[in-house]
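I'd like to ask you about the structure that follows.
Going by the order they are written in, the chains are A, B, C, D, E and F; count residues from 1 in each one.
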Amino acid sequence: MFKHQINGQLDLRLLHYCHADEVYECVDRNRSHLERWFPWVKLTTDSGAIRKFIEAELHRYAKNNGFSAGIFYEDRYIGNISFHDVNWNTKLSSIGYWLVSDYEGKGIMTSCCRALIHHGFEVMGLNKIEIRARTDNNRSRAIPLKLGFREEGILRSVSYYHDEYYDHVVYGLLRDEWKGASDEAVGGLN
Amino acid sequence: MFKHQINGQLDLRLLHYCHADEVYECVDRNRSHLERWFPWVKLTTDSGAIRKFIEAELHRYAKNNGFSAGIFYEDRYIGNISFHDVNWNTKLSSIGYWLVSDYEGKGIMTSCCRALIHHGFEVMGLNKIEIRARTDNNRSRAIPLKLGFREEGILRSVSYYHDEYYDHVVYGLLRDEWKGASDEAVGGLN
Amino acid sequence: MFKHQINGQLDLRLLHYCHADEVYECVDRNRSHLERWFPWVKLTTDSGAIRKFIEAELHRYAKNNGFSAGIFYEDRYIGNISFHDVNWNTKLSSIGYWLVSDYEGKGIMTSCCRALIHHGFEVMGLNKIEIRARTDNNRSRAIPLKLGFREEGILRSVSYYHDEYYDHVVYGLLRDEWKGASDEAVGGLN
Amino acid sequence: MFKHQINGQLDLRLLHYCHADEVYECVDRNRSHLERWFPWVKLTTDSGAIRKFIEAELHRYAKNNGFSAGIFYEDRYIGNISFHDVNWNTKLSSIGYWLVSDYEGKGIMTSCCRALIHHGFEVMGLNKIEIRARTDNNRSRAIPLKLGFREEGILRSVSYYHDEYYDHVVYGLLRDEWKGASDEAVGGLN
Amino acid sequence: MFKHQINGQLDLRLLHYCHADEVYECVDRNRSHLERWFPWVKLTTDSGAIRKFIEAELHRYAKNNGFSAGIFYEDRYIGNISFHDVNWNTKLSSIGYWLVSDYEGKGIMTSCCRALIHHGFEVMGLNKIEIRARTDNNRSRAIPLKLGFREEGILRSVSYYHDEYYDHVVYGLLRDEWKGASDEAVGGLN
Amino acid sequence: MFKHQINGQLDLRLLHYCHADEVYECVDRNRSHLERWFPWVKLTTDSGAIRKFIEAELHRYAKNNGFSAGIFYEDRYIGNISFHDVNWNTKLSSIGYWLVSDYEGKGIMTSCCRALIHHGFEVMGLNKIEIRARTDNNRSRAIPLKLGFREEGILRSVSYYHDEYYDHVVYGLLRDEWKGASDEAVGGLN
């Protein structure tokens, strides 16, 4: 029922149980593309797995520890964006996301990230937001760079998938670095 | 961050921790009016009590057992509307609400109820929605009648407050009775 | 081990694990009669289900939230009577019951209810006791009327069973209405 | 509400919240006598402590792990008798008890123990029942001997109270040793 | 990683998950010998059962309620020794143990017990340590006698195994009785 | 009771409740030195705080999620070393440590780290071990460099203390990089 409008075609919706089937169908249709990057895809064999994910994410939201929003383009579910766990002492969180390949290249994820960054710094009061990406995921790495994040390091062998270890690059954006310049596509604050 | 737009001035927002101060100030300003009807007002002595309420309501939402939304008019918090606990076997829930007195008489609560009724029957798949009101609360009783609910009985002495027992009138609306006629002010489905 | 004697032939026993087999056999023998009214009968496929029910009811008793007693006639288990959840703020509870058909028509359930009503008003300090019955269950509806309860309304579609919704009639008895006239068959207070 | 009748004057009642005040007053009146033997007496400074004890004992009963019954003589609370934790693998439990001094010497506790022993062997299916007593408590030690228990040993320093360690004598009664001779004062089985 | 050195060949290691396979293989090789005395042997059908045991024992250690140590002789696992649940009010615990038959008769278990007794009285501050053994287990009974424990009684039918009840003899050692004479093989205190 | 011997003077002990007082006194004596780096020091106002720390660390060990060991030099507690939470999927953990200033500069912490690294790669089966340090803590940064770790990045503003944000440098050592060259001071494996 609850959404965050980004522009006329694009909005973020707090995922609830009513979205489980649509999310599952989207994951299922894009399985081959998504499986390359995400270990959870193989484990998602029916919409019940999505319901469990939604339940966990809603409880995380209830504990004030981030949230997961569905990305909807012209009322179709096309991907996901999240604030991961929040360190309230350090006022630090990180953003994670994925998008089906048909919608890549339109700046959609950059707009969605901008909305979360705005919310993170202005409403949640964060001091720093990180984005981490596998070093071999160029599309994913491009987004923080477009948004003014700085590369802070490459952590070696911090994920394991398909019998291989992967290095992750860490990008960081401090509240002071964020100019608030990117307000055009951002809706109301809360 | 997440809202349900009803019209240009009016929207419902899933209450989160960022709203606690504004909700508290609203309750505090309208204390004398609200205290007549609601036992929880006296117990609400700081915004910490509101935070606990928000936490409980978010966990209820995470458990798929109803939710609580703030009513915002021109970006000001002016009241609350909820789906109480849901009986998923019988597909039955009830709606509760309150509004600060300055905004009464403008049809605001009727519009908000219409949005929840629409969501309850169309998205949640409910079969019946109830509204219960103290028999001496005429303003509250007027709303279900305007929305086509039928009076089903008066349950005696079912609440206790200020050393007195109060009777509650039960109104019910079945999915089949609801014509879907009132779509004008209702936004998207999910 | 613990019972409440109503008269020479009739007593109520707080159900414990030692009763599970006898309760199950009684339910099993009267399956066709009971299934018409109670959804739980179909789910009761062995005495293990009864043990789980007994465990839940005992923990409810331990939490001071009502209880379930077996009705024994000449030492045979013939039915059940309960105080459902108690609202201690409003001092309100409701009574539920069932009896195997062979023992109907002897006033047994009326006597058992009288014992619970006496206990509810005198020992538990309740202010109101409700009895709810499906509108099509005439035998069940007759009992509160015999005991002086008043009909307060008919709540539509509040239970669902066998693909149909059922209406329930609500009867209420206030402590002030109860004359204490019916003491003849009631044993000691606690 | 639920009791076990031993004879015309004496019965055991499953302790519930309604008994808390009467139990507390009894403990309070007999404080000096009871404090000599029981460390919990000093901690029992109001009826709230009794309510907590009752709650714990009822949950123990719900878990099928023994129970605590109040001893009532002519409707007055005069002491307590319990089946402690049950080892269901070994079918072993123990009985504990106390009585206010005014009622000592009338065979009351022996009758109460007989009722629990009967219930333990016949209904609960125990194989052995133990009674343990401080070696310096002659009155307490006399009871198992009257009931046919055998002394099995003296465990040194197994309780600590008032800065001293105490030895406990262990008495045991096996199901085969119990003749069922003592049925006179025992009521129904369950 | 953590051990208690008893002498050049013998040490005790706080069991952790890395020991599960070796413990299982030892139990499995000595199954026929161990099954005569210990009901848990039959239930130990893979190293997963050992992992669960280790997990439970580590949580018990974390709650300051005793511990379980593996006995290693020349770096081979050959048995187990534990402090069972501790009664901190009475400062009382008991020691349990088993050894594979190839290593019996070398005084190994007596040395291990001596280390635990030393730790129990000197570091944990116990007042009494018990050892209990089945009356028909002469080898097990010999150990407390060698260590100066006194026999306190024979508790009848306190364990059940292979359709038979067994009597246990209780041995006790008070802090005052323990001379500290046996320090030779004991390492550092904590 | 359980320790890991590093050399004749130095050992690591799994912290247990018996160490609480000595740990507290050490922290208290070195308060001014430690407070510069560690926020927990100010919160450590009595040995009860240490007991809670020990309890949490032991439960972490029981859950196979790292552990905390006291560093003892000639039987005196002089600091602490830990394996933090373990990511078993990625086989990744990190080491944290502190030492009182009197014992700095003797290579003690390097020896302790070497023991944990050996245990992490050989017994726990880790693939990577990280050490993180505040960029302004040169003494702490020197240790991973001495041990062959590689610097992987500087994460900005990832801790907050005394109203300031601090950057942390991340050092990583992969199992393949670790030569096993440093065995001299390492005791047995488990």
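We take it that a residue touches a chain if its C-beta (ideal position, glycine included) is under 8 Å from a C-beta of that chain, and two chains touch if they have at least 3 such contacts.
A quick map from chain label to UniProt name: A, B, C, D, E, F = GNAT family N-acetyltransferase.
Since we're looking at a predicted model, the values are computed, not measured.
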Contacts common to chain D and chain F (chain labels): E
Labels of chains that are neighbours to chain A and to chain E: F
Option reproducing the contacts of A-B, where over half of them reappear, out of D-E, E-F or A-F: E-F
Interchain centroid distance [CA atoms averaged], chain B/chain C, Å: 34
Chain B and chain F, separation of their C-alpha mean positions in angstrom: 53
Residues on chain B engaged by chain A in the complex (per definition of touch): 1-5, 12-14, 16-19, 55, 58-59, 61-64, 67, 69, 75, 119, 123-124, 188, 190
Chain D residues within the chain E interface of the complex: 89-92, 127-128, 130, 150, 152-160, 165, 170, 172, 174
